[in-house]
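Structure provided below as structure tokens; questions to follow.
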Amino acid sequence: MAHDEYTWPAGVQSAACFTLDLDAHSPHLWIHRGGMPQLLSHLEQRRFGPRVGVGRILDLLDRFAIKGTFFVPGFVAEEFPEILPTLVERGHEIGLHGYFHELANDLSDEGFTHALDHSIALFEAQTGIRPKGFRSPAWEMTPHMLAEVKRLGMWDSSLMGYDHPYTVDGVTEIPPQWTLDDAVYFKFLGGGVDLAPPSAPGPILDGWLDEWEGLHRFGSLFMLTVHDWISGRAQRIVMLEKLLTRITAEKSVWWATVSEIAAHHEATQKDRYVIDPSVPQGVEGHPAWRG
Amino acid sequence: MAHDEYTWPAGVQSAACFTLDLDAHSPHLWIHRGGMPQLLSHLEQRRFGPRVGVGRILDLLDRFAIKGTFFVPGFVAEEFPEILPTLVERGHEIGLHGYFHELANDLSDEGFTHALDHSIALFEAQTGIRPKGFRSPAWEMTPHMLAEVKRLGMWDSSLMGYDHPYTVDGVTEIPPQWTLDDAVYFKFLGGGVDLAPPSAPGPILDGWLDEWEGLHRFGSLFMLTVHDWISGRAQRIVMLEKLLTRITAEKSVWWATVSEIAAHHEATQKDRYVIDPSVPQGVEGHPAWRG
Amino acid sequence: MAHDEYTWPAGVQSAACFTLDLDAHSPHLWIHRGGMPQLLSHLEQRRFGPRVGVGRILDLLDRFAIKGTFFVPGFVAEEFPEILPTLVERGHEIGLHGYFHELANDLSDEGFTHALDHSIALFEAQTGIRPKGFRSPAWEMTPHMLAEVKRLGMWDSSLMGYDHPYTVDGVTEIPPQWTLDDAVYFKFLGGGVDLAPPSAPGPILDGWLDEWEGLHRFGSLFMLTVHDWISGRAQRIVMLEKLLTRITAEKSVWWATVSEIAAHHEATQKDRYVIDPSVPQGVEGHPAWRG
Amino acid sequence: MAHDEYTWPAGVQSAACFTLDLDAHSPHLWIHRGGMPQLLSHLEQRRFGPRVGVGRILDLLDRFAIKGTFFVPGFVAEEFPEILPTLVERGHEIGLHGYFHELANDLSDEGFTHALDHSIALFEAQTGIRPKGFRSPAWEMTPHMLAEVKRLGMWDSSLMGYDHPYTVDGVTEIPPQWTLDDAVYFKFLGGGVDLAPPSAPGPILDGWLDEWEGLHRFGSLFMLTVHDWISGRAQRIVMLEKLLTRITAEKSVWWATVSEIAAHHEATQKDRYVIDPSVPQGVEGHPAWRG
């Protein structure tokens, strides 16, 4: 129950990251890994991202002079080989996000490491850059995944145990959160796979601004996460423009890439907010338990 | 990551289509193709469309001098034989939409072609007009369906890979999108089949206007899709009136039928924005994959 | 595609009904007809209706001088024997609503008739009044139910094929609609049985006012349906007060009980808007069908 | 159908309780009692509560000089042994909430009593205080649970049969309600376990203020329930601040702990609003029933 007391560089009251998970149709391949259906609707909806959405978002970021961090599954970089070089050329950071957007729940430890190695090799081949950080698809993590991220000396941006940077077994964790994820509200594919209709953007924008107002007051980190094929739609470009207009009007906010935030954390507070990455024991055998 | 650069006729900044999928109770027959239950609720809710809703929407379009494109399943034209002639007489376009609103996921290739042929014959018998375009029920498409649309020399309005016209293996695609579909937000039938309660109309209207604002800025295509039995309800007529009042105030918007948009595309940009309609290979055998 | 042209008494532009389905915990008994769980949460939430909610709503109706129609399952009248006499004494209409809120989907024809007979006998025993109308639980109807309503010379208020009165095989139908039903938006019981969280009341109120505005313009019928344990909650009393304040400011609206509306229909337009109550044939054997 | 006539101390028009269910990751252990998955996402999201959320909420309550009642599962007090002493030191009440957030639906009578005894012992060991009240996880109750609460001479805060205090077989019941529970609207964990996306906070805040306005008018009890890991997020702190600013501006509201409300009830109206805690008989054998 510590007070909020994360510290930032001089003159900074709070920090903000613009992150984009450039999934395109990679989750479609993962979901249908048992066999691809001869159906085009989901594929085309998702390919709208690289074709149209990413360009719109890059232009928007340019207008606000914001450098973002783009997490790109290996498959997407392979299918659209201009993406990683373009992102680098326009000054943004690139990070890892699985190869086929593999979900931790259904993935073996070996499968994870195998995909990670292939992704890094592809990033290096396409850009000459070794990525500094990892974000897990759907933000699920296992102890094995954390150990692998640690082995590679990377930061992670997947867990949500604080709303400012913290440290998980030596790994710097730059936390996202569901409330600031466009997919939660706006992802809609049809065909019976959806949780709910798309939310109306106006009240969600107000909620994002409330979240920012609170985080700014608490001196914490506003980490927004959007997706190419979701926030590249016209309605959401309009929404993001309103959001960035409001937040960039506040001068004591530090807009930074995830690596910049991680470097600050490691230089100043790596030993504060340290947590144990192991899964706690279950109730079996606990004296208060009688099944 | 191309910039938005679709071109329109001189003086036009963006385009807009009003489309209506006149399903009535045809999906009910498809859903219950294994046997019709002795229940009246869903049937009556859907028959509200031809009885009341379509007339209200036609009157609304007349007030704004908009010509729409109405996609009508064969079964609906058969059950309500005055519909197609009335639509033609009032200056609107008619398009194909299956015979019983068959969903691609559960339909054989042969079943699709069989229904398509019967629909065309019925349209010609009732109006003397051979329809120029097709929209798939629930916006799902297979390579076979695309090949059939190509064979018949028609355009398609089902896939969502851009938000302006594009070309799929020679077929002109005029894309809809879920965000501008009334059913996503307002379809509600009761009896345990619904995804969510109906959305409140005010915030959704604001979202549609945001979508239009963005598409207009990007010089793209605003394609609205409504349904007879959903948007024929009084609340939604009020909503559509507000929407059309706002958009028609902007004079550089080209309101057109889908065929007019398709003809423009074919005359000017058929070879831009061309995509391959085949389904990509799955992960099996990919070097980054270890199942 | 007829124009809206339902006619009302002189000076009346549209009509409005306030209806309440006084379910209390009768659906709980129906749902658990195979055995009652030893759990109290749902029971207590539902009993809030007769204990608190109904009194608040009656006071509200008195303030606006509105006479409503209250549909009461037999079980509820039996458990709370003061309800029917109180409703009659305060000038409201009482109607039938099953005995245990039986759902048509799972009920035999014999079971329906049996429950109906018991309900009528109970209503007559408690009030000396034979109810004039019926509303089916969850608004599902079968041809058998309609035949029974016809045999008893009653009107029905269950089907939604128009938004003004119509006639189904000789039975006068006064249509409700889901969009004007509080349960769709606000019903929430916990324990894993819910479709969605409760909606926020403000945007739904705006939507109800939009629906009224449209129905008033079209000269149709605004039929609101609320529930004792849902709209008896303080938040919704506040909402209903705002709704009624707005609508009662319009003097050309005829607030009437369902029986008053039905009598008007039978006296003036029983032979317009007549529909066939049989279920259409399925697709089997249709020439356009190939399964 | 009694009028609202609950009585409060002189000068008080209505009462208000701020309650917090400090679940942290205790429900995660309950849900996975058959075996803990090697996954970190849900654990970390929930541990945000004790790490960050509770401190923010305590600071907020201090600013408004409100004393709350915090319901703490035994496991949470065990894992974070500073929580109960801190709450007591800062003047708040502590109450029971199961040991592992056990849900009544899946718990044996013996298991419930066993967990209750262990919780009380732990509370006494950590604070020297024997808690006066109980709230069931997910607000489900069985007759056995009520009998146990009665045996221990405690009040309960789980059932929702009124919106002011009442009496269940001698146990004082201080009712919560779903509409005033943050989890219903904002709980979101990812991984396929969610009912819906998080609601936008603005319209929900308006609904909570409507609920308060109505309850204040009816002279009833506004009982808010929040959770450490949900309402500790920045967006919701901003929301709670707006809520408390509005309600505390009204001077005739009595802000009290649940025990203070219960003591008032027992001293003045223990024999009004008395209900029977037994589950009613099912339909089997009822004369109106024919299965």
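Which chain is which? They are A, B, C and D, in the order written, and residues in each are numbered from 1.
Note that a contact is a pair of C-beta atoms (placed from the backbone, for glycine too) under 8 Å apart; a residue touches a chain by one contact, two chains touch by 3 or more.
On a predicted model such as this, the values are computed, not experimentally measured, just so you know.
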item	value
Fitting chain B to chain D on CA atoms, where both chains share a sequence, rotation angle to nearest 5 degrees	180
Classification of the chain C:chain D interface as same or different, half of numbers criterion	different
Chain centre separation (chain A, chain C; CA means) in Å	48
Between chain B and chain C, centroid-to-centroid distance (C-alpha), Å	34
Residues within chain A bordering two or more other chains	196, 200, 203
Chain B partner contacts - residues on chain A that touch it in the complex	25, 29-30, 32-33, 35-41, 43-45, 47-48, 50-52, 54-56, 58-59, 74-75, 82-83, 86, 99-100, 108, 110-111, 114-115, 118-119, 188-191, 194, 196-198, 200-203, 233-235, 237-239
Residues of chain C touching chain B in the complex	1-4, 104-105, 138-144, 146, 158-163, 177-179, 184-185, 195-196, 199-200, 203-204, 206-207, 210-215, 217-218, 220, 275, 277, 279-284, 286-291
